[in-house]
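Across the two complexes that follow, chain A remains constant while its partner is chain B and subsequently chain C.
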Partner chain A sequence: MRPERTIAGAAGDAAWRVAPLVMLVALWQAASAAGLLNPAFAPSPRAIALALLDLLTGGEIGRNLLITLFRSFTGLALGAVAGIWLGLMMARSRVFNAYVAPIVGGTYSLPKSALIPLFALWFGIGSTTAICAVFLACLLPMVVNTAHGVTTTPRVLTWSAHALGTRERKMLTRIYLRHALPDIFTGLRIALGFSFVLAISSEMIASTSGIGKLVFMYGENGTYDYMFAAIVCIVIVAFLADRALLAIRRQALRWHESAAEGS
Partner chain B sequence: MPPKIEIRGVSKTYVTGRGGVQALRGTNLKLDAGEFVSIVGPSGCGKSTLLYIVGGFLEADGDVLVEGRRVSGPGTERGVVFQEYALFPWLTVRGNIVYGLDEKAMAGAERDAIVARLIALIGLEGFEDRFPRELSGGMKQRVAIARTLACDPSILLLDEPLGALDAQTREIMQDELLRIWVDTRKTVLMVTHDVNEAVYLSNRICVMSARPGQIVEEFTVNLDRNKTREEIFLSDAFNKVRNEVWLSVRRQALAAAKADAP
Partner chain C sequence: MAKAPSLISLRLRSIASILLLIAIWEIAGRAKLAPPILLPPFSVVAAQLWQSAADASLFVDLAISLMRAFAGLALAGVIGILLGMSMAHSRAANWLVDPIVALAFPSPKIAFLPVFVLWFGIESTSKILLVAFACVFPVIIGTYSAARAVSRIYFWSAASLGTGERRMLWKITLPACLPRVFATLRIALPVALITTFTAEMVAGGGGMGATLVYSQRFFESPTVFAYILVMLGIGLVLDAAMTALQRRWLIWAE
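Let's turn to the complex of A and B:
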């Protein structure tokens, strides 16, 4: 029999999950207090916490965080829409696939951050460059995963739909996209991670605002406690965004086998 | 009046890396309205291929005519039930049954009445909002049958519809199929590898040869469908046909094994 899942039990599970993290921070703090770490290069968790408190009480971090979020989510949204469309086209049209597949294959393993200086040259310093970099990084996982989801649609499903009167142009929304949805969510999750990475690296290279710029600036000034505090902020936001996506996925894929596995 | 279904000289060759594999060669078959015809034969003889061609899913040489009109693709007058995994997994039981009615843009009240009647027919009241992954194999096939019946096709094409079920569920489902056929008098073309099932359900049985498949023998079954399953299975009439069909299939299977041997 499955044990009853209580609120206390869930809290206990969560406590166990963060235990290694807490231990690492405690060890770090102990090493700093014992004088094993040079505070100029590796500030103590206590110093970082104080810097974080200072950042959170000021308006600067919130403003820059919003700018970074705007850039990553805009790039992600554009990349997702374009990627789903391209993936669908590649899966459904042999001619289209013949042209696009080599481009996708060739650029798949290219680190998109290498293109940031180029975008900065074309679009200047600021949001356009960051959004372009995020867009490009999000595009490929969306294309590849959507195309996979569509091409793996079993023929009995498409045949059943045809036999039940579905017209060819409705097959996309009635069958193919529905079947590809689990793969689209897999692509979205990868793209979400990329979107933060690219927004922040782009801001470090070519921007006057955003969390990336803030981290870069604190690093340049040697105020490492503030640099770490800014990094902590973006880590928390990225973690929460990932959790939110997983929650949406769970709701949207209640029909899928993965829904039976619990969380 | 033309026959309900007429298969005229249908051949099918699958193109593979090394030339082609001929699955069907010059197959002919006629079904009158209201007939239940089963196709049996050794595995890989192309019986499912023939069904897919009648369904309009595969292209082939030769002609398939439904009421005298040439088939050029799938159509709602030909309902299909596949062996398994053909329910739309993202739709609930109700969503799957309603699917074909929504494609016809049927009005709400009429639609709901049909769905309620079919859910009662397959005995799945209370399961309307379950997803296929939450159903047993037998329940899934009931839903698949209901989904096909919803569009009220005059022809049912059944591709080993009970092949994946356990023996007990299979018998129950056979009785349900028989009842549906007796009640609705649809024209049924079924592919199966179970000789008992073919004899129990059909009024005519076609035996196919091994690849390239052709219909080599035909058996007519005259059983009193008002009798119980026990009476039919224990009757001499049933067992006589069953043995004849079984021997015929066995001859084809042995010939195929001999042809494949080096």
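Let's turn to the complex of A and C:
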């Protein structure tokens, strides 16, 4: 068990952790100011910060970021629901598993971005293509992790539930899915990462909007300070989304033994 | 409860499932359920695949893409193992690198593609470095946690037999970590492939991804499908190869 920590102590810890990042940025700024870096290729942190401020007040980044988040979260939600259902079915029925496993196994190792041109062919340029790509990329880690969590359910749990008169239908949600929850969260975390990668990739390849397109466009136009500012936004949003998921996981798995490890 | 189906009947169902999928594809294509430009029949795709293989254009693209993916992965492996081991051994290195890894690990690395193109051009260098950038963080994390988990008993025994600090790193930490590092590299391999293909699709410069997106723009659908099938096959073959290697060479890991 960790000792109780004061707020000041926690703030000190956070500052200690952020210090190397601050140092890195300061070093970069110093190198730019000393003229060691060509501003045409590597804009100074100051220029990037000004561009970021301009983007944030102008609303351009907010609009495109919302579009990207809409695409990635829609794809993620659809992929999670379908993936949990498929994983549950595959773990509970060997016949269903035999039919579906080769298709899942085959698409598991397919680089999902390869499908973006195909979806662009089918659905044209825009949100549908991006959402489909995100959906497929998120589906597979959800299937694999859910199936793993359900198949490893201890017999003792199922026997006890049966002995207490739990109906077969209730077994799914009350025993199997409950037991698989830590694995489902593992899958969700992988899928969350994929959802951003695929949304941004498909925006770069086949879209006229979204933050991926914005970054690409600034790169083409040669406005590199704005390009870096948009990338900084992506990194921060992805980091915060990952942290938020971890916080939800901690809340949802308070009863699980992994919560006691304090990770 | 119903009788458990035999292994053979389950295998047959698996094969039937794939054949059924191909049959539906072929029939749907032939019956013109969708315009051929959206769904060319399987036989047409297979013919296109044969033709691309016959004029060697497929193999040229494949060689370029695989070279980029593996060069990037190798670079990520070397840098990631070095950084991960130094993080496990030195608190200063841990302090310096850990926040960067924590911030960079969840970020979608493909967003950095325009930066790499700006700095290293549209040819192979930018792609190899982007692949290395995408794969290095899981390798760092995997190596670090593997190095931290090495049993103290090995170090104590080696120290009592007079092994020096430096030899310890090579003779104990590295071999002890290797199985888990290899497992991490196996996870990083699909990341390397997806990053290579996506970078080629966005920035061009030859390779599977460039040809794929080029064919899509010119509505050469059979080529699109043929290349996707090849990418699927590559993913399967490489994963199987990594599994076989893992079994063969890393026997001492349980």
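Here is the rule we use: the second predicted complex is superposed on the first by the 258 of 263 C-alpha atoms of A that agree within 3 Å, B and C clash if a C-alpha of one lies under 4 Å from a C-alpha of the other, contacts with A are read in each partner's own complex, and residues count from 1 in each chain.
In the analysis below, a contact is a pair of C-beta atoms (placed from the backbone, for glycine too) under 8 Å apart; a residue touches a chain by one contact, two chains touch by 3 or more.
Owing to the predicted nature of the structure, the values given are computational and were not obtained by experimental measurement.
Taken together through their common chain A, the two structures put chain B and chain C side by side without a clash. Touching more residues of chain A than its counterpart among chain B and chain C is C.
After overlaying the two complexes on the shared chain, residue contacts for A:107 are found with chain C alone; chain B is out of touch.
In the superposed pair of complexes, A:55 makes contact with neither chain B nor chain C. Legend: residue contacts after superposition of the two complexes on their common chain; A:120 is shown touching chain C, with no touch to chain B. After superposing the two complexes on chain A, the angle subtended at the C-alpha centre of chain A by the centres of chain B and chain C comes to 90 degrees, rounded to the nearest 10. Contacts of A:99 after superposition: chain C is touched, whereas chain B is not reached. Once the two complexes are laid over each other on the shared chain, residue contacts for A:239 go to chain C alone; chain B is not touched. By the touch criterion defined above, A:184 reaches neither chain B nor chain C.
Fitting both structures onto chain A leaves chain B and chain C with a minimum C-alpha separation of 10 Å.
Chain A residues in contact with chain B (one complex) as well as with chain C (other complex) do not exist.
Residue ranges on chain B touching chain A, taken from their complex, read 52, 55-57, 73-76, 78-80, 82, 85-86, 88-92, 99-100, 103-104, 131-133, 147-148, 151. Remark: chain A residues 16-21, 24, 41-42, 94-95, 97-103, 105-118, 120-122, 192-193, 196-197, 200-201, 204-205, 211-212, 215-216, 218-219, 224, 227-228, 231, 234-235, 238-239, 241-242 touch chain C in the complex. Against chain A, in their complex, chain C makes its touches with residues 4-5, 10-11, 13-18, 21, 37-38, 95-100, 102-104, 106-115, 117-119, 190, 193-194, 197-198, 201-202, 209, 212-213, 215-216, 219, 221, 224-225, 227-228, 231-232, 235-236, 238-239. Residues 154-157, 159-166, 175, 178-179, 181, 254-257, 259-260 of chain A touch chain B in their complex.
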